[in-house]
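Labels for the chains are A, B, C and D, by order of writing; each one numbers its residues from 1.
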Amino acid sequence: MVNLSVNLSGIEMANPIIPASGTFGFGYEFAELYDINCLGTFSFKGTTLNPRFGNPTPRIAECEGGMLNAVGLQNPGVDKVISEELPKLAKVFHKPVMANVSGFSLEEYVETVRKLDGEKQIGWFEVNISCPNVHGGGMSFGTSAASAAQVTEAVRKVTSKPLYIKLSPNVTDITEIARACEASGADGVSLINTLMGMRIDLKKKKPVLANVTGGFSGPAIMPVALRMVYQVYKAVNIPIIGMGGISTAEDVIEMMLAGATAVQVGAANLINPYASRDIIDALPAAMEKYGIRSLSEIIGAAHA
Amino acid sequence: MKQAIYEITRNQKIADHVYEMVLRGDTSAITAPGQFINIQLAGKYLRRPISICDWSDTDITIIYKVVGGGTEQMSEMHPGETLDVLVGLGNGYNTKKSGDAPVLLGGGVGVPPMYGLCKALRAEGKAVKVILGFNTASEVFYENEFRALGAEVTVTTVDGSYGMKGFVTDALKTMEYSYFFTCGPMPMFRAIESVAVTSGQYSFEERMGCGFGACMGCTCKTKYGNKRICKDGPVLEREEIVW
Amino acid sequence: MVNLSVNLSGIEMANPIIPASGTFGFGYEFAELYDINCLGTFSFKGTTLNPRFGNPTPRIAECEGGMLNAVGLQNPGVDKVISEELPKLAKVFHKPVMANVSGFSLEEYVETVRKLDGEKQIGWFEVNISCPNVHGGGMSFGTSAASAAQVTEAVRKVTSKPLYIKLSPNVTDITEIARACEASGADGVSLINTLMGMRIDLKKKKPVLANVTGGFSGPAIMPVALRMVYQVYKAVNIPIIGMGGISTAEDVIEMMLAGATAVQVGAANLINPYASRDIIDALPAAMEKYGIRSLSEIIGAAHA
Amino acid sequence: MKQAIYEITRNQKIADHVYEMVLRGDTSAITAPGQFINIQLAGKYLRRPISICDWSDTDITIIYKVVGGGTEQMSEMHPGETLDVLVGLGNGYNTKKSGDAPVLLGGGVGVPPMYGLCKALRAEGKAVKVILGFNTASEVFYENEFRALGAEVTVTTVDGSYGMKGFVTDALKTMEYSYFFTCGPMPMFRAIESVAVTSGQYSFEERMGCGFGACMGCTCKTKYGNKRICKDGPVLEREEIVW
């Protein structure tokens, strides 16, 4: 028997599979399709202080091995998340959930986390300082070590739950930013958010996305994600949630070898709604194929 | 919604750039005309959403136009080959509001969902008028199929090479009807909106990520809040639409 | 009749297609396969002052929609390039060639360009400050605006030929670096060099590449390349050579709409040795399909 | 080198995880045994280099082992399907230096190129000894095919389940020979290097980018300078190799 469990900042997870924020809503859509309690956990839709419509459409473009999205943090706002989404989720998901939070100012990050902190369903915070699809906030916090540290420090003060900072890959040196988060009290980092990309419509001779640029996800970005997880693993002593194109059980193993304690599955859920469950189901056979008895033993093993 | 593997039992050209494909497999997830399916294609990351034209207990008929690499790939597939498909997506049309004599307006590849809808309305005993709009004669399809359902069919072509010369709205203006249902391009929708004299339902198109409500890629604003075209749509009622 | 010609810093090219440095050697390997005079030009193998063996093998890994390479600037050194490679090339290629130069110090860049500057075959210089596969040089010049400016300024003094600086995508803000090159005398910029990526061998539980990380190229990186070319086009007034995953005539059009005056074809040459020729052959039909009479008219057209 | 489309006329399993495939098409670019071909597969970015086992005016025979996704995909292809292939890559073996009684040592998937080489040497009238090394009986292939060429064949298996128990070098030590040719894994090469008493040629394997000398992805150092395994190799002479 192989052992899939991992411990993420003190919370035991049956397996390291976490559907990524923005690809799994608040879970209940997927709960109609399968019992989502098979998941390690999931990271819910990026939540901001106020309700947001997001960007105009088209918000989606296709590319080789992946897709671009420019949803722009559409969400009902933290109050409705607490009053409507979390109660609906409670009926179908009985594990700690990961709360993904975004903001446009330090104060907004702090206030949103403070409001969510009392919710017993929430096991971890994942603070997104790397959304490439919003202007005047979002990614700009994630592109300098100083501002990443500021957000981490401020949010740290209002929650004692495990705090993960979600990092942008669109930077010269992601290890510098990860170290700043660690030094400012983060319990871990999650990476990578999407690469910033674009497509142009040849017929219209205009960008496909109304937002011009979008976040690039899918299997195509996995080599960049693996490289960054590998680099950050060398640079910090806090756990890493690895993500970026993971679509198979083999991808999970590769990402954990690079240094991830747990992994997020993003775009794959959109292409195959059962992807996260399928990956969990496929893990034991893949582990046996590669001689792995316990997933937690391979974290960072490629560094040896 | 169900995900399953479907076998292609038919795939043939029925008009310029337009193909009819029949897929054999589980159709139990289809609950209303106007729903769509989402097809995975080798080498393409996103699935291709295609509206359902008709369905039985064992088969789904779709009609698609070759507009890019994905649909071109579909057009080159053969009976016996299989496709991974998500079936029964979207809300579909609500026939309950149609009144006794609804009119259906389909433009180009907006025609196919009108067929399943027409069938459903005829089964409910409604007197159905259908207006099918195309650019030119070589693009016309399914006129006889609609007549076989007992509908009163008018075909319009922009260049007048077949049927009535003009747009679907030119035909609509001459008719009496209790309600309308439509699917087609945005300029057609705007024209209908400006001349229609009853309530009705529009089926919208948008670039989609997942097709089942997860990614928020296709959200639009309505008078009653945000709606996902893929899940809360593609059919919206005239009264809720923000133009 | 459609018009494929473009003018790149005063030199008329029959078409904008340039096989990228490191994927076309010194041309004569490909000249055995087809008449390479059909090309706009090509950028020859990255040349350094001294001969280099490069990195140990494995130097190649595969990934979704592309490949990683960690060749590490293997080349015979500038003296042999002048005494052996260029004469061999002269027999099979009768157009100005683009000289790709790398270095590990300011002095090396300057000395290598100085030695090559007298060669009449050379039409343009492309100075690579973005090789991700060498240590203590290469990319480090390309990740700060200050050092990019230094290299540009120093090399500018020893050549009056059109000078292009090849930029790294592995940066937070590529427009800042492009502007620094422009301000320091560059005639143009070429982008993007490869994204830095890695893969791990699940059987060996070690990085696939001996160099650990490698440069990621192929169709998978095109959305990032398009985004950066689009951004740089807005930021500078000098021409851009666009590259990153270009494999088809449609890709060429998309890249030119984003703002490229000419394009480089890289990894595609390795998968299909006739790729660059095939793209040139396919351009007229693609242009007609999208209603384009002259390629030079669509440069940056997606910005309108 | 030539690039062309080849039709699969045969693709069948001949041992555990090992398949023989015959490709019909232009073979004029093949100039020596030990060369390889580079196969494009749907959904894989890099081509798959596979050594040529045998060829005629119209056909190329390759033997491949399923070791990953690419070769697994190949194993699922059917006669009638086609492949885009670069043919006639690499230098191949130089038979001129063989002397009268060369020995050929193939290990596992290093066996196939020995077949075409054996054929060439036999055509030159040489007395050829062949040692084929496998792990176990179920992996053995082509023993009879080599015998049919008139070679003296010894099969070794590591576990002794077929033929002589041990490694190819255990057989080699017992033989007289004028020269050796080999293809197989690195540990086998090192073993041969330590016991071989004549000159010889080794065929190396390396991860390749292009396979035709453009990318410098597979360069190795030799006593006479850098060589690209794909273009200047894969066959190197014993005297030039840096171990």
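Everything below uses one rule, namely that contacts are C-beta pairs under 8 Å (C-beta built on N, C-alpha and C of every residue); 3 or more make two chains touch, one makes a residue touch a chain.
Keep in mind the model is a prediction, meaning the values are calculated, not measured.
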| item | value |
| --- | --- |
| If a chain touches subunit C and subunit D alike, it appears here | none |
| Between the pairs A-B and B-D, the one where more C-beta pairs touch | A-B |
| Subunit A-subunit D separation of Cα centroids, rounded to whole Å | 47 |
| Separation of subunit A from subunit C, taking each centre as the mean of its C-alpha atoms, in whole Å | 34 |
| Inter-centroid spacing, subunit B versus subunit A (mean Cα positions, whole Å) | 36 |
| Subunit B-subunit D separation of Cα centroids, rounded to whole Å | 57 |
| Subunit B, residues touching no fewer than two other chains | none |
| Multi-chain contact residues (two or more partners), subunit C | 61, 63-66, 218 |
| Chain-level touch network, classified as line, ring, star, complete or other | ring |
| Contact footprint of subunit B on subunit A as seen in their complex | 22-25, 29-30, 32-33, 45, 53-54, 57-67, 69, 71, 74, 208, 218, 267, 269-274 |
| Footprint of subunit D on subunit B - complex, ascending | 42-43 |
| Touching residues (chain side subunit C, partner subunit A) in the complex | 61, 63-66, 68, 143, 170-173, 195-200, 202-203, 205-207, 212-213, 216, 218-224, 226-227, 230, 245, 250, 253-254, 257-258, 290, 298, 301-302, 304 |
| Interfacial residue positions of subunit B with respect to subunit A in the complex | 1, 3, 40, 44-47, 86, 206-210, 212-221, 226, 231 |
